[in-house]
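Here it is, the structure in full.
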Amino acid sequence: MKNVLFATTVLASLATVASAETGVKIGGYGRFGLVHYSDRTAPLNDTTVHTRLRLNIDAKTETDSGVVFGARLRIQDQSRGTHGSTTGGGVNAPALLYTEYEGLRVEVGNTNTAFDTAALIYGSEMGLTDKSFGDSRTSFFAFESAPYSGVSTKDRMGVFASYKFEGFQVRASFVTPDQTGALPVEEESSIAVDYKTDQFTVSAAAVQNGAGRADNDAWFIGGAYTGMENLTVGLNYFDEGINAGGVSMGSTAVLYGNYKMGATTLKGYVANNDHVNNLTDTAFGIGADYDLGGAKLTGSIQRDYNEDTWADVGVRFNF
Amino acid sequence: MKNVLFATTVLASLATVASAETGVKIGGYGRFGLVHYSDRTAPLNDTTVHTRLRLNIDAKTETDSGVVFGARLRIQDQSRGTHGSTTGGGVNAPALLYTEYEGLRVEVGNTNTAFDTAALIYGSEMGLTDKSFGDSRTSFFAFESAPYSGVSTKDRMGVFASYKFEGFQVRASFVTPDQTGALPVEEESSIAVDYKTDQFTVSAAAVQNGAGRADNDAWFIGGAYTGMENLTVGLNYFDEGINAGGVSMGSTAVLYGNYKMGATTLKGYVANNDHVNNLTDTAFGIGADYDLGGAKLTGSIQRDYNEDTWADVGVRFNF
Amino acid sequence: MKNVLFATTVLASLATVASAETGVKIGGYGRFGLVHYSDRTAPLNDTTVHTRLRLNIDAKTETDSGVVFGARLRIQDQSRGTHGSTTGGGVNAPALLYTEYEGLRVEVGNTNTAFDTAALIYGSEMGLTDKSFGDSRTSFFAFESAPYSGVSTKDRMGVFASYKFEGFQVRASFVTPDQTGALPVEEESSIAVDYKTDQFTVSAAAVQNGAGRADNDAWFIGGAYTGMENLTVGLNYFDEGINAGGVSMGSTAVLYGNYKMGATTLKGYVANNDHVNNLTDTAFGIGADYDLGGAKLTGSIQRDYNEDTWADVGVRFNF
């Protein structure tokens, strides 16, 4: 049907919005500040202003029997600190649709992936742009905040499922970069398992044909301990996949810790990666957040595997 | 004026939103499932995942004298089941602006059209994607869910009016694919009349230069009867227009019926079209909806005029 | 961090939305009508339908200590009255992020600029499209309602600050068309000061390298008097910058007045500009608004420096 005549907008009543959280909501965050990265060559600027505005439009309904159906469309705009971008304004991401019932969630479309959403996998990130050189160096799919491009053709399709029970959460995902079959691409599949207690969290994940690249297989295991009042320490290990040239990205290990003192949280990490092109195998970073109550000041100084320095400072606020 | 300094957002108070329904609301629907179509040639896949998220941003205000002014901007993302799409994320449709006073409604911009919004014209549709081979095979304009392209240049402009009185609704629309006059295009005009009683609906419509194609003229007449508790039967007839090559699309007749039993609605149709390229002149389909209360399971199996099979199954939910 | 796992949408409670105005709101306006401009050559149409829908998505939060952080993303669609547009649907503007504390406001990203937001600078505008030939003829940056293009590369970055105290408001802005340093562009800087009493407003502003064009420097001074019940008269003077060919745009002076009688406001202006290419140095316009309570009828007739006539009439409504 091409159109609906005078379609009336069905908006859940305000009372319903408040209680059952059905209807449409917009949430997200903004952040802005300065980013310095010493790897840029003249005349390019090492220091640029960073801004990002993320708007998640979340729609949701619930059937009489308690099954939830929902969808997300993200609009995002981010400053361009390196030249050559193709967009000069906010972009609409592809849609994610999902259903939830009790502990089970199934997503379709522009889905999350198991590897990307494994607990702890981004545990060492810090600063204005949530960055860490201790993150995995492997390419893999994730929920996309911008229109598909590159290997993710316009015909990409993902399916994702997660299930929670007691302290466990298990996830599996499958993404084809081209569901029409017109292109000779590989499908990515990934799985992840988390287990949490009051003090410990452990997580393991694996991905095959990461980002649709044949034989780009990787796995991850991580553990974190929270104790001694306000201290969290964690250790992540990645057996990395291969880059576009078919060369192994080696393995990455990162030890990180966060310590909270009143409104301030201090963060630090040391990472080791043995990729053949590294100038040094060790990267590290220190950072701090200061809670303003509804927003935070945040910053970090990090060194990468080429001995270049990354520094950022700014503000982030949620809404 | 290039800008408004610190423009304050005028939001109708919450009380007003609840009562007079002015302000801005987001509504729409999501749907996802599987679509199978046997007309695709290897290596293309016959079966793909279908997703669509439709968000209608509806803004509205009412003057002291009761005249309503409003606008709609649609953001939509849909999965791409055939290769070659040009968008890989949600797209913003062109805007529709309107005014309403008592039974009269006038639209301007990306308007509805009379032919597309005639009652019953899509009466035989079914399944996840609201599809029927008994729909008109003529090209004509409608409210666009994506940026204008093709014959609808960026300079397309439409005007639409409808008026309701007692059981009648009349509509007229005019769409120029290029209002600047730079291109040698044809304007489409269409009219429609509906009449409804408790048990009967009849509808007739005509379009001239459909979709801006010279001599692409078509007309439609349809009738439907609802009776015998939960049964609706209808008959539509189209005298079709011409295709891009100037060849007549023949005429189409479709007999359809819906039968509701509790939460289940069964649907069926048989259609006949005598276009010269048809392998067979008969198409048909059966489908079913199952109401979940806030969402529905829906599916159909249909055969087209080339004896290919279309099948779909999935979920649709409104919000 | 590539993604947030099942990010929960943080929506301020409805009570909070109503009182502290944090959270996300959508406001804006719609307008539609007819525009006639006699400068078009056959076969182009002098008269076209004008539509615009502006949606401002405004997100906002406030820290415990009363500092406000916020952001705006605009979605806009406008009819295309001249051929050759590159967009056929609504577009997302780049994001503006800001912080406010008492009288101080700082913006970053797609910011306002001091010159564009000086009081009175658009004081002579009228009609459906807020147009006046007494506006500055100099090119300068402003908040952009569409993705960056042209000299504003995708890497454009602006910073803006304003401060209010008693009757004063001072503003300063800085915009680089390419913050990455990859392109040999000029930065625009501008300042503005306003002073308002009950009856008088005076405003002065200056811009250097307007719109990133070297030596495109301009200044402005304006004054307005409101008295005699419902009458406002003002005088603006611009020492203009240079066009793309390096030729001075001369100077512009405009005398304007508005007179309000009940629901009707009459407007008029006479402008003088001495640019070398003018057919005449005098432009003028008369217009009227009629308040419908929630919307307005508005129209104008204006003559430009080539003795061409501009006329518009239509409706504008806010939401």
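The chains carry the letters A, B and C, assigned in the order they are written, with residues numbered from 1 in each.
Here is the rule we go by: contacts are C-beta pairs under 8 Å (C-beta built on N, C-alpha and C of every residue); 3 or more make two chains touch, one makes a residue touch a chain.
Please read all numbers here as calculations on a predicted model, not as lab measurements.
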Query raised in the report: What graph shape do the protein chains here make by touch: line, ring, star, complete or other?
Result: complete
Query - Chain copies touching (subunit A, subunit B) - same or different residues, decided at half shared - result: different
**Report entry** Rotation angle (°) superposing Cα atoms of subunit B on subunit C, nearest 5
**Finding:** 120
Query - Inter-centroid spacing, subunit B versus subunit A (mean Cα positions, whole Å) - result: 37
Report summary line: Residues in subunit A with touches to at least two other chains are numbered 14, 26, 75, 91-92
**Report entry** Parts of subunit A lying in touch with subunit C, wherever the complex brings them together
**Finding:** 14, 17-18, 25-28, 30-32, 43-45, 48-49, 51-53, 55-56, 58, 75, 77, 79-92, 105, 112, 116-117, 119, 122, 125, 130, 135, 142-143, 292-295, 315, 317-319
Requested in this report: Enumerate the contact residues on subunit B facing subunit C in the complex.
Outcome: 1-3, 5-14, 22-24, 26, 57, 59-65, 67, 69-71, 73, 75, 91-95, 97, 99, 108-109, 144, 146-149, 152-157, 159, 178-183
